[in-house]
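Worksheet: one structure, shown below.
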Amino acid sequence: MAVETQVEMPMARAMTSRERRWRSWPQTPSLVFLVVLIVVLCVTTPGFATAANLRGVIEQVAVVAIVALAVNQVVLAGEIDVSTGSLVAICSFVYGNVALSQGGAWLPLCAALIAGGAIGAVNGVLSTYGRVPSIVATVGTQFILRGIVLLAGGAQVLNLAVDSRSFGAGAPLGIPTSIVVLAAIFLAMQWLSSHTTFGRDIYAVGGNSRAALATGLPIHRIRLLTFVLSGVSCGLAAAVLLGQIGQLQATAATGLELKVIAAIVLGGTRITGGRGSNVSPVIGAVLVGVILNALTLNRVSGAYELLVLGALILAAVSFEGVRQRLSGERN
Amino acid sequence: MGTWIRAVIVGSTLALLSACGQSTGSAPTNAVVGMLAKFTSDPYFVAANKGAEEAGRELGLTVEFNGPVDANVAAQADIIDRWVRRRVAAIAVSANDPNALAPALKRAAAAGIKTMSWDADVAPDARPVFLSQASFEGMGKTLVEMMVRSAGTAAGDFLIITAVLTAPNQNRWIEEIRKYAAATYPQMRIAAVLPGDEDLEKSKNVALNYLQANPGTKGVFCVTGIATPGVLEAVKQLGLTGKVAVTGLGVPSLIRPYLKDGSLEEAALWNPVDIGYAAMYIVNAQLKGTLSPQSGYVAAGRLGKLRFIANDIVLLGEPLIFTKDNVDQFEF
Amino acid sequence: MSVTTSLRRLTWPSRDAVLAVLFIAEVAMIGILVPGYLSPYGLLDASRQFAEVGLIALGMTLIIVAGGIDLSVGSLLALVSVTIGFSFQAGLPLGAALFAGLAVGAAGGFFNGVMVTSLRLHPLVVTLATFALYRGIAFAVSKGAAVSSFPEWFGIFGQTSIGGLVPVQLICFALLALVLALLLARTPFGRRLYAIGNNELAARFSGVNTALTRIIAYTLTGCLVGLAGIIYTSRISSARGNAGYGLELTVIAMVVLGGTRITGGSGTVLGTVLGVLILSYLQDGLTYGGVRSDWALIVTGAFLIVAVLLNEIFRRVRR
Amino acid sequence: MSAPAELLPTAAADFALRGVGKSFAGVFACRGIDLNVRCGEVLAIAGENGAGKSTLMKCLHGYYLPSEGHIEIRGVPVSFRSPRDAEAAGIAMIPQEVDLFPELSVAENLFVGRKRPRARWGGFDVHAMQLRAREILASLKVELDVAQPVRCLAAAHCKLVEIARALNQDARLIIMDEPTAALTEREAENLFGVVAQLRARGLAVIYITHRLEEIFRISDRLVVLRDGALVAAGPTSDFDTSQLIAAMVGRPLEQLFVRNPHPPGETVLELRKLARRGQFTGIDLALRSGEVLGVAGLIGAGRTALAQALFGIAPADSGEILIGGRAVRIRSVADAVSLGIAYLPEERRSQGLVLPFSITQNISFAVLARFTRFGFVARRREACFAQEEARRFSIRGADVEAPVEVLSGGNQQKVLIAKVLALDPRIIVFDEPTRGVDVGAKTEIYAVIDALAREGKAILLISSEMNELFSMADRILVMCKGRVTGTFERDEFSAAAIGAAAAGVARSRA
């Protein structure tokens, strides 16, 4: 049970309400970190500050960011979903096969969304009504789903036709479709969080589940729905992923789940729930994308890629920790 | 936990153990061949398994195909150990690491199990024979020559997209590419070697980032079949088709659309069905005791006679080169 | 305690007992389905496959009991392995290289502990960062290469058996399981871990140096990862940067399957040992029986969920 | 004493409990309770811990389904299956501990679980929500930035937000469980004003408290529960303190606090200009052995911070601490313990006890080293020790292997005292030792403190209850805004003077 420490508080420092709110935004430190990094890269790395390159970076993080936006809601509600790698793979499999047999993009998308949502619901039921800790339940489904994809799709070669790739390839309005999809999801989540009862209830449940229960909020149902959301987003991410690469690979999106979680926590969402914003996962994902891009641009050997990434993640995380300590906040 | 429960558990475990101790003596299942892939559920290895089963039917061998789900070398060692415990007749491996499987294979040999390697070799002292799909030198030469044909030039900067940095086969090919290029085309400069981690998306992104910053690159070698379609997608997306040449290893079914639309001119690979097929013939010869390097050949069913290129290496043949004209003939 | 509670405690089996029965039933079932599986030699030999994850799971139990988690263990294993291999290749005597490996493991765990306690961030966040960092260092040091030129005697840690029957690493695992079981259940240190997991503030107000206690738990786990790294490197006699990939989730799954509460404060080493045995023998049995790894993955995942679900149901019935 | 019938005619009751009882595993926590509440009145419920107050209120609030009996609203029987049903019926509960959503804004907190105002284009209207929140708070004469997250608010404001929350759901009956437990006297005063307003508006209020003076201060009627049964009821004006206490404990109590006079000895602890940035500054004090030094002050005055600095939890950053005349440094809890200082924290559940641990494990926790042989805990010796201590502090109701979470508040507090005293300290800081504890246990705790003083321990007693300080302390030190604003000898004790010093009105005089 989370009980606040009853340490007597000092007289509050004079700070305007707005300044305090800006400072207490969960995404502020990572945003500052990202801006500084981008400024440094613009100066030091030729070829970084071109529109095409930046567009490329966002395109590449689109899949992670789309999933992270939804998993962010799961985390905000106080749960976690580490099955997203396999979920994206199985949704890709569904999308690919429907696209192959029926053609088009919308019908496969619907199929992938339904498949993702259904599996997300299973995750949700297990973690809420089944009382299996979500980290275990979703590790379990991650194993199961990957096994199924490998068995069903391992030997299958799927080359998608151009009209089935419209969610990840091409730029009909001058902006790559995957960026449009990402932006749409971001706006949808933003609307969900700020203007719907469900969206606010997620914060309530994650921030204080006991009080939420006492208020009569259906906490199980709310959490379950966030898992469904996560599943549906995996369906969408699968459509974008397949659109981008054009072929189905049974090992696709392996390890995606940790990238997603990394994006979420890097962006400043509290891993135990209740605190964070929709900007967080996007910033986190873009941060990782920018770092990887800068490494390739600077022709850093692949051997150092993970080292630099790890050191920067640690730096960003430490920065947040030090900030919290200085401002006297608790995690 | 109550003490009595503990007692019951310990007792029943012991009873079970002693009861099953008697069944140890049962005869080992004969003529089961363990066919170990780098990972299962990959079109390449599934095709190899198909070939192995075909040969198995011809030779009366039971082929048991297995491998880790990812390129995990410890899991490969585990699977070999289990086969050893089961006393299968023979084990044929494609190794994720040349040395890591050596101890397990030596244990197998000590238990009287025939061992061999195919596709990706293990340390020479851990197996009597290796079935090589193509010689490393030959592969290096083929790749460079294909590149020169596709790019129309040998002068300039070239990029290599590899699997993972630890991949032994890929590292040998890269070495041979550098060696052959240095000897034959001194103006060819390998500007960077980047890993695509056997992941289509990652391979695409790596190529995308690199080519974005270095559009003057003349060509990209893909030394793993999985990277090729990804790199082609990247080149296409940047509108560099025709300016940046792509070539390398390619699984026909994966590269067919790119060969057809002209973004890829040539790619090379051996026939994975054949390599599985040939591996079983070699195993069969080992089991029968008829494998003889001195003869210089080993009979391999429909493939005819395969040549020993060293005392312990059998060569499958020259790599196949796929173009838009011949690609439809291959069913893998 | 009311009479009804004590009665129920007696009649309803404890969680460990349920797990033990589950384990025996599982092995028996595999034995029935796969002829020849049940031999003392085979069952003992199978322990080669889980000694490493098992050792790490023991340490992870302490960390999770104290309310923490460590996602970096797989990466740290790779770093240990690379340290051993490359310091040996650089000319260090193998014995010294092994010590270096152990030291790197301990240092990695120590670093995790210090970061977690000094930054006061959730350990999931901190170890996610070191998860990338440790493997990053391993890759950077090895540059993708592997070292395999170890002398023959190095095999004793991972390849030899006592009396041709009991693998060395099984003895190692059993000994350390015993030590850690005692440590957690019977020593003041263990009591402190439970207290921190249940109520860190109260522990601090009781004079417990909670930061130090948690750092010790992480460092201990680091040492166990170091030992696991030695066994791993010896078993496959090669050192490379991609060792132990994806290990962390398996280890956590085993610990939780063993009944340790993921949020801390409750759990036993015996439970973890059973969790390790159940998942490992399931995989062993399946592959032994010729089931492909893909299927094994599905069965393992399903088994994990069902086992924890059952566990949860038993817990609720006991209440 | 036989249970008296309630004095009010049934028809006048807006909310009524009819023979309500609730059992857990066959044991009744309360049984056969009849209770009427009218709109426009404040009903106080008194009773010791474990008397069944909370259980009864949880039945009324739909948290529990009564095992027998039923609830009526204006004569109509109703059945609540969840707090949500109760809230829909106009019954709101304000729990003892702040239970809001820290990351949500004040306005949003008012609307969690309620219908939010809709905007035309779907979704809800944030501005309408904020407007409504401001209105409600204004009606309570409170001004708050409704857009700021609740996590930035002080405890007293949180209470007010909870009341506003209840008003926002159109509650007709508000149940307040120990609302002043975490408030200073001035804030409590403010709250009484709010309660009076609620009554004036025609709401019914059920008020649960351990502070008897509050009952007399604000309630119209009261009922007393004991051992799960209703033992007394009637207009508050019919009762006086001793009658009320008699009804609660079942026996008349002449004197609440017993204190045997005892001449203090040598100075044990001396503080010189002790300070910690942002918490307290320039603290001088001397504490003699056998003396109980009371520390009064409002919450936030730095009393707890001072205690925690002495105990090494948040060390002081300047000034001197002298123990037995020698200057010492206290940088950690371990330092403090080795110097013979013990601290009984104010929050027993979060700071004091490990709830799932057994009584034994809690009592021995701070002194485990004493039972350690060859690195292992000697569990038999540990249990023997715990048994002895449990007897000594008359911890009742469970065997020492039971987890402390099943104990009542009073027994938990006694376990905590046993645990703290196991360290055998010379200097003991009691921080609100009787908060949330029933009258019987209170007396026992006072007896313990008195006995410790007679043994020659030096005691610092932090308390927000003036009565407690007046009865127990030899001297009282008053703190305000991190400074000492007054010291009073026993013959100078006066509520007015101490209150003024605590409020920072009068400058230090002694």
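To keep things simple, chains are lettered A, B, C and D as they appear, and every chain counts its residues starting from 1.
The rule we apply is simple: a residue touches a chain if its C-beta (ideal position, glycine included) is under 8 Å from a C-beta of that chain, and two chains touch if they have at least 3 such contacts.
All of these numbers come straight from a predicted model, not from anything done at the bench.
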Contacts common to chain A and chain C (chain labels): B, D
Selected interface, B-C versus A-D, where C-beta contact pairs are more numerous: B-C
Measuring from the mean C-alpha position of chain C to the mean C-alpha position of chain D, what distance in angstrom results? 44
Centroid spacing, where centroids are CA-atom means, of chain B and chain C in whole angstrom: 32
Between chain B and chain D, centroid-to-centroid distance (C-alpha), Å: 71
Residues within chain D bordering two or more other chains: 350-351
For chain B, residues that touch 2 or more chains besides their own: 40-41, 69-70, 165, 195
Chain C residues counted as touching two or more neighbouring chains: 139, 142-144, 201, 246, 292, 294, 297
Determine which chains touch and list them pairwise. A-B, A-C, A-D, B-C, C-D
State the interface residues of chain B toward chain C in the complex, per the touch definition above. 1-2, 5-6, 9, 12-13, 16-17, 19-21, 23-24, 26, 40-41, 64-75, 77-79, 81-82, 85-86, 97-104, 107, 123, 164-166, 171, 195
What part of chain C is in contact with chain B in the complex they form? 10, 13-14, 16-17, 20-21, 24, 27-28, 31, 35-43, 45-46, 48-49, 139, 142-146, 148, 155, 158-159, 232, 235-238, 240-246, 270, 284, 287-288, 290, 292-294, 297
Going by the contact rule set out above, which residues of chain A touch chain D in the complex? 3-11, 17, 20-21, 24, 191, 194-197, 200-201, 203-204, 207-208, 210-212, 214-217, 274-275
If we count contacts the way the header does, which residues on chain A are in touch with chain C in the complex? 3, 5, 82, 126, 130-133, 135-137, 139-148, 150-151, 154, 255, 258, 261-262, 265, 270-272, 301-311, 313-314, 317-318, 320-322, 324-325, 330-331
Mind listing the chain D positions that touch chain C in their complex? 25-27, 311, 313, 332-334, 336-337, 343, 345, 350-357, 361, 365-366, 368-369, 372, 375-377, 379, 398-399, 401-402, 419
